[in-house]
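In the part that follows, the structures are each spelled out as structure tokens.
Each of the next two complexes has chain A plus one more chain, namely chain B in the first and chain C in the second.
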Partner chain A sequence: MGLSVDERWDLIDKISKETVTFGKYKHTLKDAVGELTIKPLTGIPIAIAVLYGLWSFFGSFAGFFTDGFFVSLFDEHFLPWIQSVFPDKGGWLYYIFVGDPLADNCFEAFGVLTSGLFIAIGVVLPAIIAFYLILTLLEDIGYMPRLAVLIDTILHKIGLHGYAIVPTILSLGCNVPAVTASRILETRKQRFIMMTLLAIFIPCGAQLGIMEEVIPDTMGYVLIYLLIGYFILGFILNKIIPGKSPEILIDVPPYQRPMLRNVRRKMQMRIVGFFKVAIPFVLLGCAVVNILYKGGVIDWLANVMSPLLSGWFGVPDETVGPLIAAFLRKDLAVAQLSAIPMTSYQMITSVVLVSIYFPCVATFVMILKEGWKDLLGSVAVLAAVVFLYGGLIHLIGILLGVA
Partner chain B sequence: MGEYTMAKLYFGILGIVTVLFGVSELAVTAGGTSFSWGILEIPNEMFRGGWGGFIVLFAGLFYLSSLKNFSEIHQFSKAIMGSIMIWVVAGLDIFAMITESIPGEEGWFNSLGGFLGTYAPPYTPAIILLPFSLVVIYYICKRKAS
Partner chain C sequence: MKVLLMGHPNVGKSVFFNRLTGSNAIESNYPGTTVDYTKGYMLLENKDVEVIDVPGIFSLEPKDRAEEVSVKMLEEEKDAIVVCVFDASKIERGLYLALEIIEKGYPVIIALNMWDVATDKNIAIDVKNLEKILGVPVIATTAISGEGIAEVVSRIGEASPVKIRNIIKNAGD
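For the complex of A and B:
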């Protein structure tokens, strides 16, 4: 026999009297500081400081290893050595694995064992370690739920809620776990919006690392274009996609000291994931693009797509090579872009195009796992976005007189 | 004199100086040329001067907004947050110095002179403010003790 509503409340009262101790709770300093990070007036400047910290640490840490040691190790020692010992100079295998025999740095060699290894180990790995270290610390301290509360109102404008900040920030490390993390969103509409936005507008840590290395001066503009695109597309998708975007109830834990064991385990799991997912694709990407170059496919595609690339997007025809590489790894594609002669604005447009034009193959597979209908929908949105947003950036450049 | 009068005076002056530093950093960045005076140097780069200056400015505003009823826990927490924001900017400036000081331009590692030279003045406003912002720790300990 079921209980009536009144009886149920009486039972709740009875249980709570026996189990809950009531008293006057005295606010601690930790509580007061925690409240400051949630209120918009104080929380937003604090969030900006946290992002500054993340970015500054990322730049210094990655720069220390890449510019300080890996550039010298790869360019002055490894490249001359492999160029001299690899057999059949000028042959297909040499071109695929070592690349240009006259190159004096690993960025321009484009071989699997030269550019591939340098990008994966020398540039991307330090960037990924720096990013995941800070992200793990923020998670363990308890800042992430506060950021979710703080940004909830803004994300509701694009059909999401505060917890969407978790896959968004995870995506800045790698889109693959971020697609999985989008399952924390309740409705299919929210998950579709999240996955589409992640796949198109959020550059992964590997891509950020390579951008920091090859286009440090224009990187800020690329990120601004991506951020604006994230909100514009989110707003449009929220309007046109049927479904609900419910509110959330977040349990905000108190701030706590990060546990070394937690940090170590999370870092280990994420870096092992990077080695498994990213490095094989970087090496494969180098090989595929080199084979296509050698076979003349890239030149043919550059000619065929010339009206779209130079006419509509305003970028050099040679961009087609990096665009193909971007399907496998976007960091590799940005590195390849850096070797193509172009103006600063063309570089901004090209990097934005590489970022938004297609998710890398690993992300593609993850979205497919979420359902083929979602994947087809994402690809359709993506095609429209690339065409329109790429053209819009070109138009802005023309109006500003810089394109 | 009340228990926290000295603290109010101290954080009031620190708040004004911090706000001035923050505004100066934003102005120098907007002006497009770096500024150096004595041990103080304000870089004109967008990231450090613009973004960093904005954070220093808000740190100063946090200090100033904590002054009214300073002993109240929520007000005092604003002074703590002001200091934390300075620690973030200054800490990362120092971290950047450390990462620049170790690798050498010619060999793998820097010479001793080059290594030590990286830490010589001039310093950014946040680094100059850093020791003064640490005073908040004394007041945290004092609160805990009482």
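For the complex of A and C:
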């Protein structure tokens, strides 16, 4: 015997009348800032400024540590050392772990202990630290719900609502927690659209970091293609998937000063998580690709896939190696692509392909946990998208005369 | 015995949880940070007691996947003590969920969290009177700085199921 909703509210009215007194409320500076950042006229320019500022911070922070410190550490000290001390030059193990004995930088060596460690620690780690520092501050200050309200109208066009910005931004760090975060969306339709869009079009922090390092000039085009794809596919999915897309309904919390203790703890957890999940996969990915190269599998695949790769997508057949690595880690795949000689438009196409063609294995497992039916659906959408969107990018290149 | 931390999104349940258990549940200033439950242990009268940080919900009728997790959690843990965490500046909403849980027969203890925010907003709550009307322990807390947490822990044992008609009677006079 429970109360009805009305009876319950009546009771609450009585209780609060007896126990709560509301004093006069003073409009504070915090409220004023809160309003400025949420009203479209002032809020949208502020949001653009905030995001642009964060982007610049990300690039300069990661670049500072990678170019200023890790490149010289790895290329000038670590690489010559490991090339000289690792036994059996020219043997299998040497090839897998150290790679090319003549390489003079860690990108082109391709070994597990050379490229693998350099990518994971020298390039991706600084990027991840920069990203999570920004994300943690945004989260703790309370800016995310405001961003959600501002972007609400746009995201409705793709069957989502403003709060989808939370999984989307988390995804820019790593797709794995973002898949779980898509649970805050109300309907199955929304969650499916969100997970599929994340898995296909949002590059993770590791991938952003490596792009910033190896293809700084073409990175912008890659991101534009991904962003356009995100909206086109979202728009189509919204039209063809049955189900509802309800309105956004959230509390916008007051701004808070971030607590150092909490920022430190969250950063620590996320970075430890990166070490545990990402580094083993980068090293494993390096090893797998090297073994496949040595065994002739990559050459064979490159041959077989040639009509699709150079014919349909317009990229060199050698990209098949990085495409395999991308199953395990996208950052590794992008790094390997950068070592293959090709035109800059081919580089744009192939990096977009690596981004969209399959979620990395960790993300794949997370989507599976949310339900195998949704996973199958996502994979089907993905196959169609890779084929059509990849072909479209090639076509655009031909029309522009650059492919 | 288990302790469930329940309440609206973004009232500080995870902060509370980390304070009680010394765990590392992710804390952020936006609703929906916790989408799956987190378990931890606290020491209560020299026994290890399991504490569960449940995703935030508005009522016991779930509206998304994270909320389904919460409602299922409550249904599965029949002998749990529920710590209802309120945003003290929005006490009516907290009461709605707390009453629903009380009606289901769970022993409840109420933490009026974010007490500092309520004070900033000049909202005064008569904690003693609220406790008398509801018949369950009510404690003002500010989890982020740790105020009131010790009292919550020391009074968890006082929580016992109360009849909703007693609350109606107490509120009437």
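To be clear about the criterion, the second predicted complex is superposed on the first by the 382 of 403 C-alpha atoms of A that agree within 3 Å, B and C clash if a C-alpha of one lies under 4 Å from a C-alpha of the other, contacts with A are read in each partner's own complex, and residues count from 1 in each chain.
Here is the rule we go by: contacts are C-beta pairs under 8 Å (C-beta built on N, C-alpha and C of every residue); 3 or more make two chains touch, one makes a residue touch a chain.
Since the model is a prediction, treat every value here as computed from it, not as a measurement.
Q: Once the structures are superposed on A, label A:G68 by its partner contacts, choosing first (chain B), second (chain C), both or neither.
A: Only chain B is touched by A:G68; chain C is not.
Q: Have a look at where A:F327 lands relative to chain B and chain C in the superposition and call it first, second, both or neither.
A: neither
Q: In the superposed model, which partner reaches more residues of chain A, chain B or chain C?
A: In the superposed model, C touches more residues of chain A.
Q: Determine, under the contact definition given at the top, whether A:L36 touches first (chain B), second (chain C), both, or neither.
A: first
Q: What is the contact status of A:S56 with respect to chain B (first) and chain C (second): first, second, both, or neither?
A: Only chain B; A:S56 stays clear of chain C.
Q: Which holds for A:I46: it touches chain B only (first), chain C only (second), both, or neither?
A: It touches chain B, and chain C stays clear.
Q: Go through the superposed model and pick first if A:H27 touches only chain B, second if only chain C, both, or neither.
A: In the superposed model, A:H27 contacts chain B only, not chain C.
Q: Do chain B and chain C land on any of the same chain A residues, and which?
A: 28
Q: Per the contact definition, I'd like the list of chain C residues that touch chain A in the complex.
A: Listed in rising order, the residues of chain C that touch chain A are 8-10, 24, 26-33, 35-36, 63-66, 69, 91-92, 95-96, 99-100, 103-104, 117, 120-127, 129-130, 133-134, 144, 164, 167-168, 171-172.
Q: Which chain A residues qualify as touching chain B in the complex?
A: Those residues of chain A that touch chain B are 27-29, 32-33, 35-36, 42, 45-46, 48-50, 52-53, 55-57, 59-61, 63-64, 67-69, 72, 220.
Q: Sort out for me which residues of chain A touch chain C in the complex.
A: Listed in rising order, the residues are 2-3, 8-9, 11-16, 18-26, 28, 139-142, 144-145, 163, 166, 180-181, 183-186, 191, 250-251, 253-256, 259, 262, 265-266, 269.
Q: Going by the contact rule at the top, pick out the chain B residues touching chain A in the complex.
A: The contact residues of chain B facing chain A are 46-47, 51-52, 54-55, 58, 62, 73-74, 76-78, 80-81, 84-85, 88-89, 91-92, 95-96, 99-100, 102-103, 108, 140, 143.
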